[in-house]
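Next up: some structures, all given as structure tokens.
The following pair of complexes shares a single chain, subunit A, combined with subunit B in the former and subunit C in the latter.
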Partner chain A sequence: MPVTSPLTRRGALAAGFGSVLLPAGLSAQAPAAKPSELKIGITTFLSGPASVFGVPGRNAAEMLAEEINREGGIGGVPIRLFFVDEGPGIDHLVGEFRRLVQNEKVDVMLASISSGSCLACTPLAEELRKVTLLWDCGTQRIFEEGSYKYAFRSQANSTPEMMAPLLYLLKHKPDFRSLAVVNQDYAWGRDSWELWKAAMDVLKPGVRVVAELFPRFGATDFSAEVTRLLALRPDVVLSTSWGGDLDTFIRQSAERRLFERSTFVLPLAESSLERVGRLLPPGHIVGSRGDHWHQHPRPADPAALQRFVANYRRRFNAYPIYPTYHMAQAFSALRAAYAKATAANGGNWPSDVQLAGAFPGLEFDSPTARLRIREDGQALEPQLIGTTAQDDRFPFPIMDRMVVFPPETIMPPVGQKSLDWIRTLTADAVSRVPDPVRPAG
Partner chain B sequence: MGEWFEQNGALLGLALLDGIASAALIFMVAVGLNLVFGVLRVLNVAHGSFFAIGGYMAASIGLLMTAVGLPPWASFAALLLAAVVTGAILGPLIERFLLRRVYAEESVLQLLVTFALFMILEDLQKIVWGVQPVSFGGPVALMGTVDVPFAGDVIPYNAYQVILLPVVALLTLGGLAWFLRRTLAGRVIVAVTLDREAATAMGIDAGRVFLLTFTFGAVLAALGGALSAPTASLVPGVGASTIVLSFAVVATAGLGQIEGAALTALMIGIGRSVAVTFEPELEVVVPYLIMVAVLLLRPQGLFGVPETRRI
Partner chain C sequence: MRGLRRAEILIALLLAAAIVLAAFSTPWLRFVLTVALAKGVAVLGILLLLRAGQVSFGHALYVALGAYAVAFLAPRVPEAALLLPLAAVVAGLVGTVVGLFVSRYREIFFGMLNLALSMVFYSVLEKLYHITRGTDGIRVPAITVLGQPLEGSSYDWAVFAMALGLALLFGLLARAYLASPVGQALAAIKTRETRLDFMGVSPRRVLLSAYVLSAVMAGCAGAVIAMATRHVTPLLAYWTASGELVFIAVLGGAGGVLGPFLGAATFELVRVYAAATVADAWGMILGAVLLLVILFARGGLWGIVAARLGRRRAA
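Right after this comes the complex of A and B.
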């Protein structure tokens, strides 16, 4: 629990006069009165195909908020959530972001699932001088191409999320000679392939890319793609697809025995395992967009992980998937930042700028690891990759031969862009891949 | 050209198989939309919702049948039952209490009303079925695969997709053509389609025709959704992507033309699978390239006839 102390009369007067007398640009730096409630705006997909992630994210937020409030809130202040749907598009999102900050006076924003949404929200965070935690979006461009004082990310980004499965593949199936990609036709599908292709060309030049397929986002039939892959027989099929698209692709590939001909690499398949069940056979590589899974082999805090999983399952009748852990990370980062900023402010409630100042170098706990936010605002989060296996305890495949990649080994250092860093990689990157860990229990 | 066929003929054959299977589902949805527009002259955006709800219903009924221990073949009955239940409940309700109030209004208002309905039904789907993908693979597993020889190897195809779906689409096309041209009820519908005023003057109850046609269109869309449930995962938004493609088919076919819808669905289905095989980047735009090409040459659509505009 963070240490708190009530605001003194002198502090309150200073805060009050400060907000009245100082120009708007400086008032953010004035001492802040401890609010009666901490308002948190959360942008997430509540409609459209991406609500398969957005709604579990919202569910986790509501569950965590209740737990935090039962414990007295953050720094003794109960939290209140405001949700915004990313589904209607960027224009709507930007308008709602402004409304929450300017009209509802939210204290912190958590944004977003879509990379496009995050790219739109981070400049707003700066303009409005409102602390904004990027809780789930993947694009690495944000902190590589810009510098932000109020925007931070509490999880990894696309670069480590693609480097980890590639290194895992190179380590565990080094002899593959051909590869086909089947990604959704939108920014993530294209960008993730660009990262993978650049790194693969450096680490294993000469791999023949036999097909680059980008079916329509939200496609409900992959028959033609599966036929093409059956005819081409690539050693490896890569797909960074997710949601219904990935489920359908797995289903149709299984029914037509494509899994018998090629090794699949599915970096986001953790979120589909429970739904596709035994259709996804053993021996294929899956990832979880981070260092989290309900059967994590060596969680930093096993009791915390068990509690989170049990609470989520009891409430929502499903295993938590990666956006729920990302939401938990964001809440954990927020609590840690308020505690740090309050302590640095002599026990007084921090202003926006003081809160923002707490994030660089901030360390916080997820149920599975201790994470750190770098000076550029980007968090260092390990990546968990494994190979599918059957386990009689579960009606769906689990991950075996799991490798937890330390974040420093799979992402560029501060100040370097991902594609530039990838070009500097050598075969050592593969030899440094940690040994696999067996599942617990 | 001959050399190209020698090298790629077998691949083209595989693409045709995929295209036909894909076309069957496209046809099932688009023909209902086309029929409804032909008779009611209302472009129904909520048609995509019937597809989605039909799919969700099929998955729910199919999973329920499996859970209570009914024999595996009952899963086929689940598909049909889902379509009939969805169409027979939603169709009359929507036609009677919503569309009937806007027949006389501007087409823009009609479009907005059906769009609002679409949004409401999207939320209804989320309330009932949640946001996680839903599927029901029973019929596909039951029918197994057929192996098609290819380059000294075989390519397995789902019998469900390459046999059952095209057969159902052909039966629907034949049945519709027979119904509309050989039965009294069908001729009444055609009469209302061709000239509503004259048909009404002859004593035809246009309101009843509208109700039956709209319900039938809803059943067809729901059947398309139900038939897709065994091969695809249903998620929020599936209705939106379906309606966009259906509009492309209807515009290309000619409004109210069922044979046109069949031919257009075939062109789009095959066009997409050929694109995946030979030029994957074009897959997403193929339906719309076909639409643009056809409309440039025949603005009234493939099978449409130019209409005299009444002023």
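Right after this comes the complex of A and C.
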């Protein structure tokens, strides 16, 4: 819009409304013709406490997009990213989701770190008939309580993410008698404990739960919790906390030598290792929401993992953490789906429906393994759990005695709900836990 | 003064037409504008209290109450025309009980008490995990509008129309209320409260009436937000949500009932366009806009419009 005269208030107002009305006509395109660029909308946390995951996720997306575009894009079409901040809440997120689909005409959405955001976005994706990959959120409710034609998850969910550390604990420290839990007081903290408790009651009944502590989300002081844990002396302390909460909890537990009395199980601690450094002593159980670890003992393609880690470190001066791998998985799934859908469409660019049809049964590579998306839209992703150890090459603890759990053994089959499935488990599940993998070479 | 009041109606109709036009031409804006209108209604309630010189930093409580009322009642009463009044009643009842306490306090104490109560509600929503699903929130099931099972864009239009209707209705109501003796008494609370006592008018009762009215407005706003987003989370009751409402009130200006709607539309549009251009600095842009308004237009956006109209009339 040419603005020649100096801007008056009325002029500014008119310009404002003009720009409101303009975008509608900007980007009209035929649905199935090969586009000049492939637009991908990504919702992630760019503000608030969860940006410890959101910003690395965005960084990875930008890095991967550049790499893909350098190779000519997906199916010869260069990609362009649009980011949305999950921080301001659901009403903003839902509005932005609509804007990206209806105005920017994005071809695919990658939705959400927060489970609440995913629960809001998935039905919307279905309503707008837009292929949406749930790239990082954890809740298992989505595909267990509903079925969707346009939404797929390119990573695991809470159930395998809690089963793996529990089975690891039962296998490697079978004689614990008491346990305390310190989880953040919000949906994930509660959900993860519910899954763990249900499975533990089945696999090892009689464990005394000496404390269920749910400190406030974003708490900065855990001295009351640490004092209680020192007094109660549980054999095991479980915490699914993450981000600043987990860093602070580890720091304050280390100061008061809680780590010497109890074995900690920290299923999300991989994302905190570099920040807490040597404060986290050896001998505690750590997970990474998948098989994400820069020192993975047996990656499917070691060169690919090394390249990914090296590129990320060169650019952002930090080791990649699990959201960056999840982002890589989403991009890889997308690439594979476009290739499959294009082939099925006789070499022509696929429509939204054809693209959605490519996901069930789709196989794609993560930086560490080959994954498959099931018929219900849920991906099968292995889980890596290890015990912390010192290594002079790193200024932070690394994982030792690593076990890679095949996904089929730690999650319910299609159509079964997690808690129902957990009740059918037997002690057999523990004896089937694979042996630790020795690093190759 | 009378001329300005008549011009206000004209401007309101023009604004409504502009909003409908914008929603018609750009489908995704329909949703943003629905939320903006709903927030405008909530801010209208805050404006009533501002007339009495009282700032509530906790009105998100009533927005969340209205939204959660819809989320909880929708499975049993899946009809928008019933859910909306029910949400208003819930918010009104809680507003009356809370109002009986907070109308005894003024200024910072009034603001902080409201803030505290809204944070209590936020914590309750988070803690009663097995009832409220905690931070994951509750999905609002499909509801009918006047008995019609609508889907897709026709449902969006219905909610948009509801928001616009509420905005016009409450706008007229607030105008009439502010012009009435009770409304005039609100201004007296701000200037000198003892004068009201001498006139035999109870300032507490005056403030209570405004408080309950504002709670009902916020409740209706929450109901519309719940119907539009179809997913409610405790974040609706968080203090930042309350702060957002006060932010909009300052941005729009407290001088007239159009201020909240100007403010809300500007707020949402600036946020959307800021987020679209720089996804991680939208907060800074919004802050800059507010600073500019505070520094150069103390009467808010409505102040700018009113001053212009006044000047033209004088000339």
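Brief remarks on what is shown
Here, the second predicted complex is superposed on the first by the 407 of 441 C-alpha atoms of A that agree within 3 Å, B and C clash if a C-alpha of one lies under 4 Å from a C-alpha of the other, contacts with A are read in each partner's own complex, and residues count from 1 in each chain.
Note that a residue touches a chain if its C-beta (ideal position, glycine included) is under 8 Å from a C-beta of that chain, and two chains touch if they have at least 3 such contacts.
Here the structure is a predicted model, which is why all the values come from computation and not from measurement.
In the superposition on chain A, A:P302 makes contact with neither subunit B nor subunit C.
In the superposition on chain A, A:T227 makes contact with subunit B only, while subunit C stays out of contact range. Looking at the shared chain after the overlay, A:S47 reaches both subunit B and subunit C.
In the superposition on chain A, A:G361 contacts neither subunit B nor subunit C.
Once the two complexes are overlaid on the shared chain, A:R275 sits against subunit B while remaining clear of subunit C. Using the contact criterion defined above for the overlaid structures, shared-chain residue A:D185 touches subunit B and also reaches subunit C. Contact with subunit C, but none with subunit B, is seen for A:S115 once the two complexes are overlaid on the shared chain.
Counting contacts as defined above, subunit A residues 47, 185 meet subunit B in one complex and subunit C in the other. Considering their complex, residues 11, 14-15, 17-19, 21-22, 25, 122-123, 126, 130-133, 135, 137, 140-141, 145, 150-151, 155-158, 161, 228, 231-238, 241-242, 272-273, 276-277, 280-281, 283-284 of subunit B touch subunit A.
Contact residues of subunit A toward subunit C in the complex are 9, 16-17, 19-21, 23-24, 46-47, 82-85, 88-92, 94-96, 98-99, 101-103, 114-116, 119-120, 123-124, 127, 139, 141, 185-187, 190-191, 217.
On the subunit C side of its complex with subunit A, the touching residues are 18, 21-22, 25-29, 31-32, 35, 126-127, 129, 133-137, 139, 152, 225, 228-233, 235-236, 241, 268-269, 271-273, 275-276, 279-280, 282-283, 304, 308. Within the complex formed with subunit B, the subunit A residues making contact are 47-49, 51-52, 54-55, 185, 211-216, 218-221, 223-225, 227-228, 230-231, 243-245, 247-248, 251-252, 255-257, 272, 275, 279, 318.
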